[in-house]
Amino acid sequence: MKNKIMTAAEAVADIKDGASVMVGGFMACGTPEILIDALVKKGVKNLTVICNDAGVPGRGVGKLVSSGQIKTLIASHVGLNPEVAKRMNTDIEEDKLECILVPQGTLAEQIRAGGAGLGGFLTPTGVGTIVAEGKEVINVDGRDYLLEKPLKADFALIRGSVTDQFGNTTYNGTTRTFNPMMAAAASYVIVGACEIVETGAIDPNNVVTSGIFVDAIVGGETPWQI
Amino acid sequence: MKNKIMTAAEAVADIKDGASVMVGGFMACGTPEILIDALVKKGVKNLTVICNDAGVPGRGVGKLVSSGQIKTLIASHVGLNPEVAKRMNTDIEEDKLECILVPQGTLAEQIRAGGAGLGGFLTPTGVGTIVAEGKEVINVDGRDYLLEKPLKADFALIRGSVTDQFGNTTYNGTTRTFNPMMAAAASYVIVGACEIVETGAIDPNNVVTSGIFVDAIVGGETPWQI
Amino acid sequence: MADIKEIIAARVAKELKDGDVVNLGIGLPTMVANFLPEGVNIILQSENGMMGMGAAAEKGSEDVDIVNAGAQYVTVNPGAMFFDSATSFGIIRGGHVDATILGALEVDQHGNLSNWIVPGKMVPGMGGAMDLVVGAKKVIIAMQHTQKGAHKILKECRLPYTAIGVVDMIITEMGVMEITSEGIVLTEINEGYTIEEVQTATEAELIINPDLKQS
Amino acid sequence: MADIKEIIAARVAKELKDGDVVNLGIGLPTMVANFLPEGVNIILQSENGMMGMGAAAEKGSEDVDIVNAGAQYVTVNPGAMFFDSATSFGIIRGGHVDATILGALEVDQHGNLSNWIVPGKMVPGMGGAMDLVVGAKKVIIAMQHTQKGAHKILKECRLPYTAIGVVDMIITEMGVMEITSEGIVLTEINEGYTIEEVQTATEAELIINPDLKQS
């Protein structure tokens, strides 16, 4: 079978202007920094980025916000990155960022639905709020739910703690976050791995993300330094 | 915190006539036999049992079919247990079994939805078939989906390979099956455990079912003998 | 006299029972864990993917792969578990969290809550708050009674909702209020405040519990 | 002459590419794994919760915790993974299985499939079949062309559907057929059969591919 291990530059080579990119992590814990760095270096523009949050300046998705490469950000929380509000309100057209805010549980479930072939799901979250605007409300057994649709993307940037050569991946601690759902919901999946091991070295009971989802593996991801 | 370890008889003490009971496993691989045995011994009747299948005679849910304790069986496949067809077609009223057949992926997702607080989900599975009868068809972005509703139950009988005293559980090999979703979808969850360990002995990265779902732990579950 | 936030956190802690699964918001709610009564051990859920969260990590011994929902380094307790975000919110939305404790910009007499956006001014995003207040069995708002004198406990919320009809209880430095179908019932009043003072600090009309406790 | 089932399984195997994720039904489809061309390694998904399933376990060295969807003891290959049923069907329904190979009671010219129930006679349940044929990228029906002479490849299915419009290809001992919007196209015919014989064994009208291969 084909070799999936490559450099970060090779892995992001097919990400073009206007691509949709899912990025794992929560406040950059669980975000593959080496892949973000490669994307910044590549300089592609007008990206739609789907991530729990906007990271913080200089870390995670925050780097892509600062570099002005994101046109649309779909996230649940952007409050820890003041750069987002600045770009949402700027008059400079090419710096302008559109931000679509989604409840965190809904965002996670939308991405899961995208990978799992579901046409949507009914959630009680957001009923009666501005999140419900434009969405169908369906009553099931006396309770109102919003019909939320699946999310998919062209690419997913995943951070693996341990990844085998086939792409089977485990996540340490709270780095798991959105990574497993995104790995199933994107057409081309790149893992930034802290450690690469032989195929079969991970106990089959403990693999979280199957290598069948993974197209490219980039080594050298390092834990964030305090 | 309270001690959850008890005998099988104690664990099933609150299961009354007419209760709904989810049972993990696939063709009895992953089914807690000691809990089934306790239920057979208790002799409660008119159960609604939710399980992937009907097991085989003498094993798994098959024991409850043979003992005539099931009134309604919700399952995806019953073909390997001839006793089911016999009881579906019997003229003896008290032996009669109603069988509701559900596609396996829909059944797994319904139970997941039940535990995850979703009001339902849209699946392409079953569209245009008799599975669609009586169900709402919703078109999303040009494709038809069935709206399937969540499933919950009064009790879940789970088989754990390793369970800690808090109830955190791992599953070995293909015993995982429906167990994790059922643990979240039932009001009272009993684990039949092959091995009970100290709380904290399982690596937090490898726990599959959280102890918060578990109400009772019964030791002594043994692997099936060939 | 103890700090106002500590008074509130200590009172909230009394609402929690041994074995409860609890999600604590950032700030004041996080302090609740410091005031648990003897014999009461709770299990902290952190929505970024952890059950059994422990105390903050000590400087120098942080595990950089383990953070809370405020991105601070934390420890885990024995029996902890990590999971992905879909699983985390399945736990939250599925009613498996016994109590969520969080702050508010506004709460009203119908139990409506607004705590995530001030249009045109503050747009941080709702994060996990909308799911938490809809999913948790008990929603406790822990906050100062007013915002520098401005009412926060209202007849009707004016800011966009986080969720409607979800708040069970409000705990402030002035006392404890429960949301009922009749309105907001004052059940406890703190030493140093009169009923009139609490009512003045509250836009919604308070129902005074006949068994009002003084504490 | 090779066994009919082996002929069919061997032909199906040629449809698979190196690295494909494949779900094989019970019976004939399971035999496909024995006929993979040199250099073609496929990854077997088993819907009861396994990716990277290996061969049947040898007698005496079975792991009783590892079975396939037919409840037979199997091994796992290096790089295997176990998962729960919701995850398994997320993989299936989500289009991550490249091909599913299964038998049929009836297939029709619209690609409709009936393979799970004969009302009043055989009601085993659909198991994972409905999800597999809806979700897999390619659905290959591998079966004997007729049921003791009775047509199975029909103008319209008569038995209740497993799914509508899902079948891509039918492989029998007589040849290979592809389902197109125009109908069933015969693309390959096996040695020893004439076009007329294949048509006679088929209720639906066959479109003969101008480049019909003889094999």
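Read from first to last, the chains carry the letters A, B, C and D; within each, the first residue is number 1.
Convention: a residue touches a chain if its C-beta (ideal position, glycine included) is under 8 Å from a C-beta of that chain, and two chains touch if they have at least 3 such contacts.
Keep in mind the model is a prediction, meaning the values are calculated, not measured.
Chains that touch both subunit B and subunit D are the following: A. Among the remaining chains, the Cα-based centre furthest from that of subunit C is the centre of D. Judged by contacting C-beta pairs, the busier of the interfaces B-C and A-C is A-C. Separating the CA-averaged centres of subunit B and subunit C is a span of 35 Å.
Subunit A and subunit B have centres, each the mean of its CA atoms, that are 33 Å apart.
Distance from the subunit C centre to the subunit D centre is 55 Å, each centre being the mean of its Cα atoms. Note: centroid distance subunit A to subunit C, computed from Cα atoms, is 29 Å. Contacts with at least two other chains are made by residues 50, 82-83, 89, 92-93, 135 of subunit C. Listed for subunit A are residues 109, 112, 116-118, 123-124, 171-173, 204-205, each touching two or more other chains.
Chain-to-chain contact here is organised irregularly, matching neither a line nor a ring nor a star, and falling short of all pairs touching.
Counting only pairs that meet the touch rule, the chains in contact are A-B, A-C, A-D, B-C, B-D. Put simply, subunit B touches subunit A in their complex at residues 109, 113, 116-124, 138, 140-141, 143, 145, 147, 149, 170-173, 204-206. Residues of subunit D that touch subunit B in their complex: 46-50, 62-69, 71, 73, 82-86, 88-89, 92-93, 122-131, 134-135, 160-165.
Of all residues in subunit D, only 18-19, 21, 41, 43, 51-52, 76-83, 89-96, 135 touch subunit A in the complex they form.
Only residues 1-2, 112, 114-118, 164, 166, 168, 184, 199-200, 204-205, 207, 210-213 of subunit B touch subunit C when the two sit together in their complex. Interface residues of subunit B facing subunit D in the complex, by the touch rule stated above, are 26-29, 52-53, 56, 75-80, 85, 88, 99, 101, 103-109, 111-112, 123-131, 161, 171-181, 208, 223-226.
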